[in-house]
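Each in C-alpha cells, the structures are laid out below.
Across the two complexes that follow, subunit A remains constant while its partner is subunit B and subsequently subunit C.
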Partner chain A sequence: MLEQVNPHYQMDMVCADMNLLELNRVSFRYHSDSSLVLNEASLSIRKGECHCISGPTGSGKSSLLNLIVGCLSRPFEGELHIADGVVLGLVMQDPNVQFIRQSVGAEVAFALENLAVPYDLMVGKVQAALRRVGLYVSLDMPIEQLSLGQKYRLMIAAQLVYEPDILLLDEPWAQLDDMGVDELMSVLRLLKSDNVAIVLVEHNPAAFSDLVDHFWQLKDGRVTSGCFQLAPISFTRPGYVPVGKSVLAFEPFEFCFEDQSPLFVCHDHLELFEGEIVALVGDNGAGKSSLLKSIAGIQSNVRALPLAVLGKQPRLGIFGGELGLLLQRPNRQLFENTVLEEMQFSLKRFGLPLENADRLLREMGLEDLKFHSPHTLSYGQQHLVALASLASLKPKVLLLDDPLAGLDQAFYCRVWQVLVSLSQQGTAILFSSHRQMNHMPVTRSWQLSDGILQSEQGFMDCMNAG
Partner chain B sequence: MSKSFNFSLQDALFIGFCATLLVALKSMLRLKLGISGHSMFLMTFFYLICYGVVGRVGSVSACGLQSGLVAMILSVGKGGPLILIKFALPAIAMDLSLILVAGLFTLRWRCVLVGLIGCFAWATKGWVEDLLVGMTMQVALVQFALSMLKGGMFTLLAALMVPPVLERLKSHDLLYKESAK
Partner chain C sequence: MRVKGRHKATKYRGAAGFDYHRLESTATQKSSYVTAASLILVLILSSAAFLIPDRYLPGLILCEMLLVIHGVYRRGNPGVIARVFIVQLIITMSLYYLIHGQSQLAQGAVAVLRILLAFIPGWWLSITCAPERIGEVLTWVLPVKWAFVIAASISLLPYMTVELREIYHIQCLRGARISPKALRDPRNWSELINCVIFPLLIQLLKLSRQIAVAAQLRYFGKSKQPTHWR
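This part shows the complex of A and B:
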C-alpha cells in the first residue's frame, strides 16, 4: 500500500541520524466508550533499523501499524512525526483487503502508475520485485488463483517496487511457509543494508531474531522494550486413540481445477476416522485450502473427486451441522452483529442448546468479547470466534484451514484444548498448516509436497498396531 | 443553516451515494404496484439512513435536493420538473422535524415519527396539487387522508428497517463517526 503522509501529521526534515518516524505518547481508542488500544505509546524508527513488536492477540499491534500509515480515520492523542519525503509501505495481515487490481502484474505496477513511471521501465521493475519475494508466476495470472501465502508475497512485492523508506509487515510468519520466511529474511536483510527501516508485528519474534535490532512488546496499550512471551506450551498426546468409524475416505485421485493440469496427486487410499486430529501439511499454494473446500463440497471448479464424507458425495448444504469448515479468511464466515449472536446463530438453526455458546466462549477466554462486533476484531480473534462457533455445534467432521494464524501462545493453547476435547467426543478434525505439528497432539499427518499427497505413518498407527 | 451544509468529504460522498442509489433504484425497479405511496418507502429509507450515518442537520435536505435534481435531469418518475419538489419537500420537512426531536425517543421511534412527518409533507404536496387542478376541498381531503394512510404504511415499514441497518453498518465499522443513537 503506497501511503501518502496524512497532512495532520507533523513533518520534519530528514537528516542522516534523524528519526524517520517518531511516536510520542500516542493514545488511541476506537470508540469513546471503549478502552484505550494505545496508551501513551512511544516509538522512534531510524534508517536501516529493524523493529519487532509482539503482544497478545488483539492487543492493538495491527492498529498501531494502521495508525502509523494513516489508515485510521479516527483521531488520536499524542504526536506522530514522519520525516519529510518518507514513503511508507504496509503489508496487512490479510493481504486480500489490500488488492486493487485483478492480475499479479497490474497489482505490482499500480504504485508505479501512480508515480508516473514510464511504461518501458515498469515491466522490468515489476518482474524484479516479484523475483525478490520468490514469486515466479505469470504477470497475467489472476490474483484470486494465488494462495494466501502467495498473495502475501505479492503484496510485499507491490510495496518493494516503489522502494519505501519504511516497510511495515503484519505477521508475516503466520502467513508464509518456512521457505517463504527464509526468502523474506533475505529480502529484508537486503533492504536493511539499503537503509530501509523495517517494522514487524509478530507473534513469533524468534523467527526474525537475526534481523531485529529492537524488540518491543505491546501490552495493555503500552509499548515497552522486550519480547512478549508466555510460558511454553506442553501437551500430552493421547496414549491410545481408538479407531472409530471412518467419516472421510479418498480413493487414489488427481486433484485438478477444470481445464488445468493436476495440482497434486494422491496414490494412496486415505481415511479419516472419528476422534482423529489430522494435520494437512504443505507449502503455500500447494492446494490445501482447495482440498478442504472440496471435502466440504464448496469448491465448484474442481474435477469430481472419488471422495465420500459421512458416506455421501460432498455437496453444498447436505451435511447441515455434521460438518464444519473454518475458512482461512475468517471474516468471510462472520456476519452477525455481536460475537454472542454469531455463536448462537448456528445453534438456533440446528436446535442445539444456546448455553453451548457461553460455555465455549468461557473455555476459549473470549467472554470479554461477547458483545463486541466480530467484524472489528483482530484477524486472530476472528479466527477464534469462527472456530468457537463451529466447535459449539460439535460436528462429526471439522475442517480447519490454517486455524492457528494470528494467535498468541495463550490462545494457541486454548484452541488445542478445544480441539482435543472435541476429538475425545468423537469429532474427526482435519486442519491445514504450512508447518509440521510434531509437538502437537496430532494423530497423523497428510503431507502435501512436490505435487503428491500422502499419509505419514503417525504415532496413532503405531499405538493402535501395538 | 449554511454552516449545517458544510459537510466533510466523507459526509458529502455518502449523501451523494444515497441520493444516486435512491433515484437509480426508483428508475430501475419501475414498480407499478398500483398503490399510491410506495415511493415513500425508498425515500424514507434513504433519507433516514443519511440522517443516521451523517448525523447532521441538513443532511436529509441535501439528499432530497440532490435526488430531486438527478430525477429531474434523468426524467425519472412522473411530474416533470416538479419531481424536484416531490423529493425535496419530504426531506426538508424531515430535517426540520429533526431539529425538534433530535434528542428525544429511541432511534426507532424517532425514525418512525420523522418518517411520518415526511409522509405528511408528501401528502400535503398532493393535496395542494389536487386543489390546484380544481378538486373540491372535500374530495381533496379524502385523497389526502388516503395518501397519508397508504404512504404512511410504506413509511412505517422503511423507518422500522433503518435502525437494524444502522446497527449492521456500525458492527462492520462502516460508520466513521458516532452515529445517531
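This part shows the complex of A and C:
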C-alpha cells in the first residue's frame, strides 16, 4: 500500500512544517578590512511562504541571495542550512545577462540538458514551464524578440523547469514596467499557491505587499523584521524658465526601424526648451532608448526623422560638449583610474575648466571619493559619477536613458538635485522612464503609449498660461 | 550545505506523440550532421585563407561569395563584413605604410583580403547554425565544458557587438578622440584601447561571470553526458 503513495506527496507531508532554508547568525564581508555586509543575519523560509527583504541600494541584498545560492567567492561565518532535497532557483536583476541560449525552447531546456533528460521528454517539460508563467510563444522564437517582462517570465520558466522549492528574485521591480510587474505578480501568486517559497529582495517592497507574508529589512548588515521605510522626500522644483529658446524640435513623424512597420507615431510638433526637465514615459520596448539615441545622432538603423537639435540634424560628434547622453548601465563608460580623472576626461577633451570637476564633486557630496577608482564604487555611486562627468560640461541638451532605474530613493534624490541644478543653469533635460513620474515635478511629460507619442501638460504650461 | 534534490527534475513524465518525436528526432539528427559538415567547411575555408598561394585566391573568393549570398538569403547582415573590411583596410594599410612605405602596399592589400576571407566563413556559420547545435557537435570531439564555452562565446557575439557599439558612441559623445578621422593618427589608438576596449573587457568579464553563475545554478556540469535540445 505504501508503495502506491506518491513519494512527492510523502515528502510534502514531512516537510510541511519544516524549514526549507535557514540562516543562523550569518556574517559576511568582501574584504578582511571592510565592514560587514551581513552581520549575524538570521532567517528561515518554509514551503509556500513569500519573504521580501528590503533595504537601500548597496545594503547587501544581492550578496545575501548570492550567499544563499552558494555563489560568493569568500567564506562566511554562521550557519546556512538547506534541507535535504530542496532545490533553489535564482532570477538575477537583469535577465538579459542570464540567457545562455538564443531561442525560448533552448533556454528553458538548458537545465534539462544538464540533467540528461532525454529529448523526447524535454518538450513536454519545457511547454509546461512556459505555461506556468503564462508565456505562450513559439519554442523557436528568438529571445531578443521578447519584451523585458516576457524575458523575466522566461527566466522564471527556465528555473521552474527543474521544479525548485524556493525561487529567489533580485529586484524585479526596478527593471520591469507596471505591466511587467502585474504579469510577474500573477505568476508569483500561482507559484505560491503551488507551495513554492519565494524570496524577493527589493528596495520598493510596497509593490509586492499583496503577495508577501514576511517583510524583512536589511540595514547595516542586520536583518530585522519589518519593511524598509522610504524617507519622505520632497523634490525641488526647477525654477521658472520662460518659454523662449528651443533646443530640440520635432515635426510630426513616424518612428520606424529600416524595413519595419512604425514603432510609434507622433502627430504633434514637439519642442524642448532651455531649462526644461521633460520626462519621456513609456513601457519597456516602446522605443524610448532608440528615440534618445536618434536625438543624439547615434541610432543608425532608423528612418530619418524631421528633427533639429540645436538647429542641426543630429550626427555623431557634431555637438561637442553641448549635448550629453547617459545610456542605461552608465558604469559602462567608466575607465579612468580615479573619479577625478573620470570627471576631467571630457573637460580636457572639450577644453573646459578642470575646476568644474572639483566643484561638482563638492556640490554632490562625492569629494571623499575623488581619488577612489570608479570601479570600486557601489552601483549608485558609479551612477552618480557617470552623471556628474556629463553635468560638469554644463551641456545645452542632456539626454538620460532611464537614469533612475535601480536606484533607491536616497540616490534618486541626489540625481534629481543634479538635474535641477543643471536646469537652473539653462540645460534642457530629457530623460526616459518606464514609470509615470507623477511624484516628480518635471516641467512636462512626453507620453509614449499605444504607439503614439504625445506631450502632456506639466506645471510649466500652467505657469506660462497664467 | 550544497543544494541537493536534483532527482526531482529527472523524474520523467509520460511522453505523448511518439511518432512525432521520432520524426523530429531524425530531422534534428540530420541537422546536427549538417552543422558538423558546416563546421568542417568553415575550418577548411578559414585555414585556406591563410595557407593557399596567391594564385588560388580567386577560387577561394568565388567559394566565399556563395557563402555571402547564402548568408544574406538567411537574413544575415552583409554590413558586418563591410565594416570588418574597412577597419582591417585602414589598420593594416596604415601599418604597412608606416613600416614598409609605399612599396609594400600591394602586399598589405593581399593581407587584408586574406583576413576578410578568413572572417567570412565564421560570419556565415553564425547565421546558418544555432550556437547550441554547434555546442552539441563540438561535444563529439571536445570535453562538454569546452564545447559549452565555445558555443556560449558564439552566442555572446551579437550582445558584445551591441555593447562595443554603445560604449564607442558614449565615449565619442564624451569627446574621446576615436572617430574614424581621429583614428587616422596612430597616437589616438591608445585612447580607443583605454576608453572602449578596456570597458568592454570589464563588461565581458562581468557578463561571463554572471553566465557562469546562471549555468552553474542550472546544473551545468552535473552530467558527463548531457542531452541536447533540438
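To be clear about the criterion, the second predicted complex is superposed on the first by the 353 of 466 C-alpha atoms of A that agree within 3 Å, B and C clash if a C-alpha of one lies under 4 Å from a C-alpha of the other, contacts with A are read in each partner's own complex, and residues count from 1 in each chain.
What we mean here is this: a residue touches a chain if its C-beta (ideal position, glycine included) is under 8 Å from a C-beta of that chain, and two chains touch if they have at least 3 such contacts.
For clarity, every value in this text was computed on a predicted model and none was experimentally measured.
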Subunit B versus subunit C as contact partner of A:87, first or second or both or neither: second
Subunit B versus subunit C as contact partner of A:165, first or second or both or neither: second
Which superposed partner A:376 touches (first subunit B, second subunit C, both, neither): first
Partner chain in contact with A:116 - subunit B first, subunit C second, else both or neither: second
Chain touching more of subunit A, residue-wise (subunit B, subunit C): C
First (subunit B), second (subunit C), both or neither touched by A:338: first
Partner chain(s) touched by A:31 [first = subunit B, second = subunit C, both, neither]: first
Shared contact residues on subunit A - subunit B and subunit C: 375
Residue ranges of subunit C in contact with subunit A within the complex: 1-10, 12-13, 15-16, 18, 21, 25, 28, 130-132, 152, 155, 158-159, 163, 166-167, 169-177, 179, 194-195, 198-199, 202-203, 206-207, 210-211, 213-223, 225-230
Contacting residues of subunit B [partner subunit A, same complex]: 10, 167-168, 170-173, 176, 178
Of all residues in subunit A, those that touch subunit C in their complex: 8, 66, 69-71, 80-82, 84-90, 92, 96-103, 105-106, 109-126, 144, 158-159, 161-163, 165, 293, 296, 298, 316-317, 319-321, 323-325, 327, 332-335, 345-346, 348-350, 375, 389-390
Subunit A residues within the subunit B interface of the complex: 30-32, 73-74, 336-338, 373-376
